[in-house]
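After the C-alpha cells below, expect a handful of questions from me.
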Amino acid sequence: MGKSEIRTVGKVDLEKPASEQVNLHIGNNDSADDVRNVDLTRIHYLTGPFEVEKAEPGDILLVEIMDVQPFQDQPWGFTGVFDKTNGGGFLDEIYPSAAKAIWDFEGIFCTSRHIPHVKFAGLIHPGILGCAPSAEVLDTWNKREAGLIAANKLERQVALPPEPTNVHAGAADGDLRERIGKEGARTVPGRPEHGGNCDIKNLSRGSRVYLPVHVTGAKFSVGDLHFSQGDGEISFCGAIEMAGVITINFKVIKNGVKDLGLKSPIYIPGPVEPHFGAGRHIYFEGFSVDEHGKQHYSCIEYLRRFGYSDYQSYLLMSCAPIQGHVAGIVDIPNACTTLGLPMDIFDFDISPSGSAKALNMGTCAFESGVVEGKITAGGKNSEHSFGGGLTYRSG
Amino acid sequence: MGKSEIRTVGKVDLEKPASEQVNLHIGNNDSADDVRNVDLTRIHYLTGPFEVEKAEPGDILLVEIMDVQPFQDQPWGFTGVFDKTNGGGFLDEIYPSAAKAIWDFEGIFCTSRHIPHVKFAGLIHPGILGCAPSAEVLDTWNKREAGLIAANKLERQVALPPEPTNVHAGAADGDLRERIGKEGARTVPGRPEHGGNCDIKNLSRGSRVYLPVHVTGAKFSVGDLHFSQGDGEISFCGAIEMAGVITINFKVIKNGVKDLGLKSPIYIPGPVEPHFGAGRHIYFEGFSVDEHGKQHYSCIEYLRRFGYSDYQSYLLMSCAPIQGHVAGIVDIPNACTTLGLPMDIFDFDISPSGSAKALNMGTCAFESGVVEGKITAGGKNSEHSFGGGLTYRSG
Amino acid sequence: MGKSEIRTVGKVDLEKPASEQVNLHIGNNDSADDVRNVDLTRIHYLTGPFEVEKAEPGDILLVEIMDVQPFQDQPWGFTGVFDKTNGGGFLDEIYPSAAKAIWDFEGIFCTSRHIPHVKFAGLIHPGILGCAPSAEVLDTWNKREAGLIAANKLERQVALPPEPTNVHAGAADGDLRERIGKEGARTVPGRPEHGGNCDIKNLSRGSRVYLPVHVTGAKFSVGDLHFSQGDGEISFCGAIEMAGVITINFKVIKNGVKDLGLKSPIYIPGPVEPHFGAGRHIYFEGFSVDEHGKQHYSCIEYLRRFGYSDYQSYLLMSCAPIQGHVAGIVDIPNACTTLGLPMDIFDFDISPSGSAKALNMGTCAFESGVVEGKITAGGKNSEHSFGGGLTYRSG
Amino acid sequence: MGKSEIRTVGKVDLEKPASEQVNLHIGNNDSADDVRNVDLTRIHYLTGPFEVEKAEPGDILLVEIMDVQPFQDQPWGFTGVFDKTNGGGFLDEIYPSAAKAIWDFEGIFCTSRHIPHVKFAGLIHPGILGCAPSAEVLDTWNKREAGLIAANKLERQVALPPEPTNVHAGAADGDLRERIGKEGARTVPGRPEHGGNCDIKNLSRGSRVYLPVHVTGAKFSVGDLHFSQGDGEISFCGAIEMAGVITINFKVIKNGVKDLGLKSPIYIPGPVEPHFGAGRHIYFEGFSVDEHGKQHYSCIEYLRRFGYSDYQSYLLMSCAPIQGHVAGIVDIPNACTTLGLPMDIFDFDISPSGSAKALNMGTCAFESGVVEGKITAGGKNSEHSFGGGLTYRSG
C-alpha cells in the first residue's frame, strides 16, 4: 500500500459523446444553451456500485475520502442556472433564464471569466455518495414520494417518480431493465436511509462518512464531483460541477447501525477546509417573510453596489463557500437564517466600511435570446464533457 | 474614554418581583414548574429604547458589541422546554412536558447538574437587538401577520398579534397605553425590517451589526442575553438565558440604507468565537422527510448510547454551540440540512470510534407530575430572578 | 459552586503607594519617566502562595484558567520600553530610550492614543504562574545561575542573582527575611522546574496548565496579568500590563510527575483565542545573520510606510498578538524564524497589495528629554497604580 | 489559461542514477544506510533558474504557490536523522546514529510503518525558493560566512563555504565551472537577502511570497519539496522529503523593494492549512537552560509513555505539523519557547487525562549495526529516487 500508483477503478473516455458513456456535456464556452437544453433524464451518472467484501445489512460502511481532484487535463468546471421550463430551481420565478459561469482551476484555486474579481480555494467534494437501498427501502421511497405527488396541489413538481426514459441500467436488459425504469429511484433527492445526493459542501478531503448498509456487499456509489459549493447550492445546478477523481478508503463496522444508533449517515469533516477567520464574513440576516430565500436577495442587492448583475451574484452565492446557518427557527411567524459571505474571495474590499465603486464586471453566459437576464438573441456551443472517475484503496 | 469605570445605563433590581420591573422569574432549582407556569405575555423585557444623537430614518446604526458578561453575582442561567399547552415549541408533539436545565458559570465556561459530563465556553450574545419601527413599518407588520392568522387552517398558532394583557408600555398611560396594547408589535419574532429577536448565536463579543434606522433617534433596544445557544434554538426557550451586562458602541452611518443597499440587518462576527477544529464535530445528515427537524432525532438517538435521556439531549442541542447548516435545499422532495455537534464539549469520547458505555446521567428538571418525560408527581420552587443591564460608550 | 459571587482571595488597595502593598506604579499619562525610573528590585509582586490541600512533591497541580479580566474600574494598561541604563531589553542598542504606550480597554478590545489606527481583542493571560521550588530546586537554580554569572565575559548581565534590596518576604522577618533576600530566587526568568515567568501569550482563558509540585501544599503563585502580548514580548516590558482578576480551578493529579513523564510544565490552550484566518497574516522571514531579532527590523521597516515611528512599531510588535515561529533552525549558519503580523488589527489595509499612504500617527510617550527617540526635553506624571487579584474555586 | 493541461517545465527521469540528474537516492526500505552514506556535496538539486520577463533588480517577484503535489506514481517520502559523522544535526550528541522513517501517502494523508498509530494531512510546501543573488550579494555572503569560519573556536562546523566537489553548474564548464565551485553559494542555509532554504512549514498551498529581485530576469529557483514538516525541522533532514510537482504563478512588482520597504522576503499563508482547533494541542514549555532544544526532550519523554522510542519521537517531532513558538525571550537567563503537539494526528488518546498504555510501536529504520539507537549489526538497500518537477503559469 502506498508504494505504487493510485489504482483507478474506472475512467471516463472524454472523446465519446455523453449518450455512449457516463457523461453529461456542458461546454466551456460563453453560451448557456447547453444548460437550457440539458436532458435531465440523464443525470446523475455515478461510479459504482462497488461491492465491499464482508459488508452486510445492519453494518456501517465507513468511507474515508482521502482526496478529490479535478482531472489534470480538464482543469475547469461550471455553475448553472436551469431554465424555468427545464429544471428550474429554488428562485426560478426571479431567475427564469438559463445562465452559466465557467470556472478555471489553477491548483487549489478557481476563477471565472463570467464572474470577475473573485478567486477562491475549492472546498472540493462529491455531491452524491451512498449505499444501494434494499428492496424494502426502495419500496418505502416509492410509496412515500408517490404519496407526495398524489397530495400535491401546487403548480410545481414536488417529487420525481421513477423515469423509464434514458434509464441508466448498466448491464441489465430486457425485463429487468424495464423494471428498473419503472421502480428505480431517481438520484435527484438525498434520502435519509442512505444519504445519496446530500450536496454537503464540507464533505470534503479527509472527511469520514458513516453509511448504513442495506444490502450484501453495500453496493456503494459516488459521483457528482464539485470543485466548490455554497451551503444550499441554491441555483440547483449551483455547485462548480467538474470532471475528476476521488480516492476512497473503505472500512466495514459490523453491526454498526445498531451499535452506533444510526439510521441516517453521519460524517466528520476533514482538517483542510479553507478558513477565512470568523471576522472575515459578512452575514446577511434573513427572515421567512415571503419564502426561505429572503436573505439571498439581501446579499444580491448588496453585491449590486460593486457592479455584479443579479445572475452573477446568484451563480456566485450558489458555488462559493457561503455559510448558510439556521439561526432561530422557533419564533413564529418568522424564522431567521443567516448567510455568511467570505470577504476574502474578492480581490477588492467588499466590507461595509470600504468604498463601493462599481467595477466593470462583464457578464455571465446566458441562453440564446437573453442578455443580462432579459430576452433578446443568439449564442453558440462547442462541446466539451465532464464525468467522474474513482479510485479506491483497501482499508 | 477608557479611563473610568464602565458607565451603566440601567440596572435591574434583583430584589423586586418581576411584575414591578423588567424581570421574568425562573428559579435556580430542580423543578420546571416555573417554566410550565411562565406568563408568556410578559416577555421579552428589553433595555431601551436608546435615543441615538443624529440618527435619522434612512441611516444605518452601527452597533459594536464590545462585550457581554453575566452578572458577577448571578453566575447561572437556564434552558427550558415549554409545556405544550403553554408556549410549546418546535418539537412539542414529541417533547410535550416542561423541562429545565440550570447552568452554572465559571469564567468563560458553563456546566449543568442537569446534564452532566458537559462543559463548554459560552458563545455569549444578545438574542434581541434592533431599532424601533416607524408607524409605517409597524403597520406593515400588523397587516402581514394578521393576514397570516386569517389564512391559518392549522391547529397551531402561526403568528402572535398585539397583546393588551400585561402590556409593557414604559411611561405611557391612558389612551396611549391602550393603543400600545392594541397595536404594538410583540417581541417574539424577528422581522426583516429591523432584526429584533433574531437569536443568532454568533452575534457575540466583538460583532458589528448594521441596523436600518426607521425613526429619528433610532430608538435602539436590546435584551434577551444568552450565555450560549445552538443554531436554531430548537426548544424555543432553548438558549442559556441569563442576567447580565452588555457593552455597546454606537456609530451612525448617514444615508446607509441606500448607500449600503441594506433593507435588513447584516453583521460581521467578532474574533473570539470558541473554535474546536473542523474535524472535531460529528455532523448528522438530516432530510426533510417528515419535518425540518429530522436530524435532531438522529442526534438524540446517537446520544442515548451514552446514557442521556431524550429531554437532556433536546435541551443540550438547543443551548450548546451546535452548527446548523443548510446543505442542499433544491433537490425535491427532500432538502438536506446538517447538524454539527462539537465533540470537545463532552468530558468523555463521543466519537463513533470510541466506546459507548452508558454513564449515570441523572435527570434534567421536570414539571410536577413528570418523571423522565412521563407524567407522575411533584416539585418545588424557590425563586431567583434574571434580567438585563446595558452599558454604552460614545463611539 | 456557581450559585454565589466569585470568591476573591485577595484585593489590591489602589489608593495606597506601591511600597506599602503589592503594586508598581505606572501612570496613565503621556510621559515615560515612570518607566525610566522604575525600581526593578520591586518586581514582580505576585498573588500567593496558595496552599493546595493534598498536594505533595511528585504530584502535578492541574490549574484551569477559567477567566482573566481587567478590573472593571481600571480599564487600561501599558506597554513599555525600559531605558537602556535601567532594565534595557532585547534590542536596547537600537531603542535605548524609555517609551510607553497606554492602552484603553473597551470590553474585549483595546486601543491606544499612542499607537493610533490599531484595535484588537486581548489574548488575556497571566505572565507568571508556578509552584514554589523545594530547597533542593532553589539550590539548583542558585548554583546554575551563579555559574553563568561567573563565566560571563560579555558587557551585559546574563543572570540576576538574589537581591536583598526591597526583598518581598511577606510575613517573614529577622533572619528569615535576610536569608530570603540572599537566597530567594528572582521572579524575572522562567525556569524549567516550575515554569514561573513563562510569558506565554496563548496561556489564556480556558487553558489547562500541568505544573510539577515540589513542596507540600504546592504553594502556587500567580501574577503579571497581561491584556495581550506578542510572541517574544520583545521590548521586555512588552505585554499590555494590567490590573485585573484571574479565576482558577485547581485539581491535584497524584504522582503525576512520574505518571505523565513531566519535568517541566505543559499546557493545553483554551478554545477562545482570537482567530484571524491563516491568510490574514503577513509573515516576515528572519535569518540570524546579526542577531535573533533580525526579522523585527523588517517588520518595523515595513510599518514605516504607513507613518508609524520605529518606537511605536517596537511597542506594537511586543504587545499585539504576533505569531513568532521557529521555522528552520538546523541550516548553519542562519536559522530562520518567522514573525506573523495579523492584518486585521489595523483599521486600514496594510497588505502588500494595498496603497501605502502614510497617516498621521502622532507619537508614543517618551521619557523627558526625548522626542521621537531623540534626546531633547520634559514630561509630567500623575500616578495611577496596577496590581493583581485572584479568585479561585474548589475543583 | 486554465483550459489545457498543466504545462510542466521540467521533469525528473526517475530511472536514471542520481549523479546523472537532479536526484538524491534514498530507498523506500527498512535500513538507514542510505541516509548514513549520503553524499552531502550533492544537495540540494533545484529546479530553475527561471528567467522572468521584465523582472529587474529592485523589483519584487510575487510568487503564488497554486499547488504542491507528490508525484502520482511515487506516493511516498522519508524523514531522516543524519549520522553524527556525516551531516549530524541539532541534537546529534543525543541522537548520533542515522535513522529513517518512510511515509506512505494516500491523498492528503500520510502514514508510516516506522512510526505507527500516526496519520496526518500534509502541510505540503517547498523547503527552498528564492531569486539568484547578484555578484555583490554573493560576495557579501562569502565574506560574511568566511568571517564566521575564521572566528570559530567550537569543535563543530559553523558555516559551509563553497564546495568544488560535485559542483552542480548546469551548462557551465571550463573556467566558469571552476569558478562556480570556488565562489558559488551552498544551498544549505537560508539567507536574508533572498530567502532560499527557509524551510517554513506554512509556506504551503495558496501562499503568496514576495521575493527581492537581485538580477535581471530574477532567475528564480525552487525545490526541496516537503510533504510535511514541523517548525524547526529539528532532525536536519527532518521534513518528509518527497518527489513532486509545484504549480506557480509569477507576477512582477516594479520597484517593489523600495515601495514595500522589503529587504528580506515576506509571505502570506494560503487558506487551507490543516486546522486542529486551539485546544487540541499539548504545549510543552521549554527553557534554555542547557540548550535551545530543551523542550524537545520533554515531548520525547512524554511520548515514551505510549511506547514510542526516542528516535521515533525525534523523527516525528521533525516532520509532523508541530507548532514551535517563541514565548518570552527577554527574561535572562532563560528564554522560553513552546512546542505544540497536535493530539489529533494520533489514532489513540495522548492527552494527559487519557490512559497511558504503551502500544507495540515497532521500530524506525536504522543504519547497519544499530538497533534502537544502540550499535549492533546489518541492513540492506534497494534504491528508489526522489527529485522535483515544476510547472508554472503566466500570471
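Order as written gives the chain letters A, B, C and D; numbering starts at 1 within each chain.
Heads up, the rule we're going with is that contacts are C-beta pairs under 8 Å (C-beta built on N, C-alpha and C of every residue); 3 or more make two chains touch, one makes a residue touch a chain.
Predicted model only: the values in this text are computed from it and were never measured.
> When you check each chain against chain A and chain D, which touch both of them?
Output, common partners of chain A and chain D: B, C.
> Taking each chain's centre as the mean position of its Cα atoms, how many Å separate chain B from chain D?
Measuring from centre to centre gives 50 Å for this pair.
> How many angstrom lie between the centres of chain C and chain D, each centre taken as the mean Cα position?
Here the centre of chain D sits 33 Å away from the centre of chain C.
> Using the touch definition from the top, which residues of chain A touch two or more other chains?
206, 270-273, 275-279, 344, in rising order.
> Sort the chain contact graph into one of these: line, ring, star, complete or other.
Looks like everything touches everything, fully connected.
> Provide the residue numbers of chain D that touch chain A in the complex, in ascending order.
Spelled out, the residues of chain D in touch with chain A are 1-6, 28, 65-67, 72-73, 75-76, 104-109, 111, 121, 205-206, 247, 249, 270-276, 344, 393.
> Can you check the complex and tell me which residues of chain B touch chain D?
Checking each residue of chain B against chain D gives 275-280, 344, 349.
> Write out the stretch or stretches of chain A touching chain B in their complex.
89-90, 127, 144-145, 148, 157-160, 188-192, 195, 197-202, 206, 210, 231-236, 238, 253, 259-273, 275, 277-279, 281-287, 289, 292, 294-295, 298, 301-302, 304-305, 323-334, 336-338, 351-352, 356
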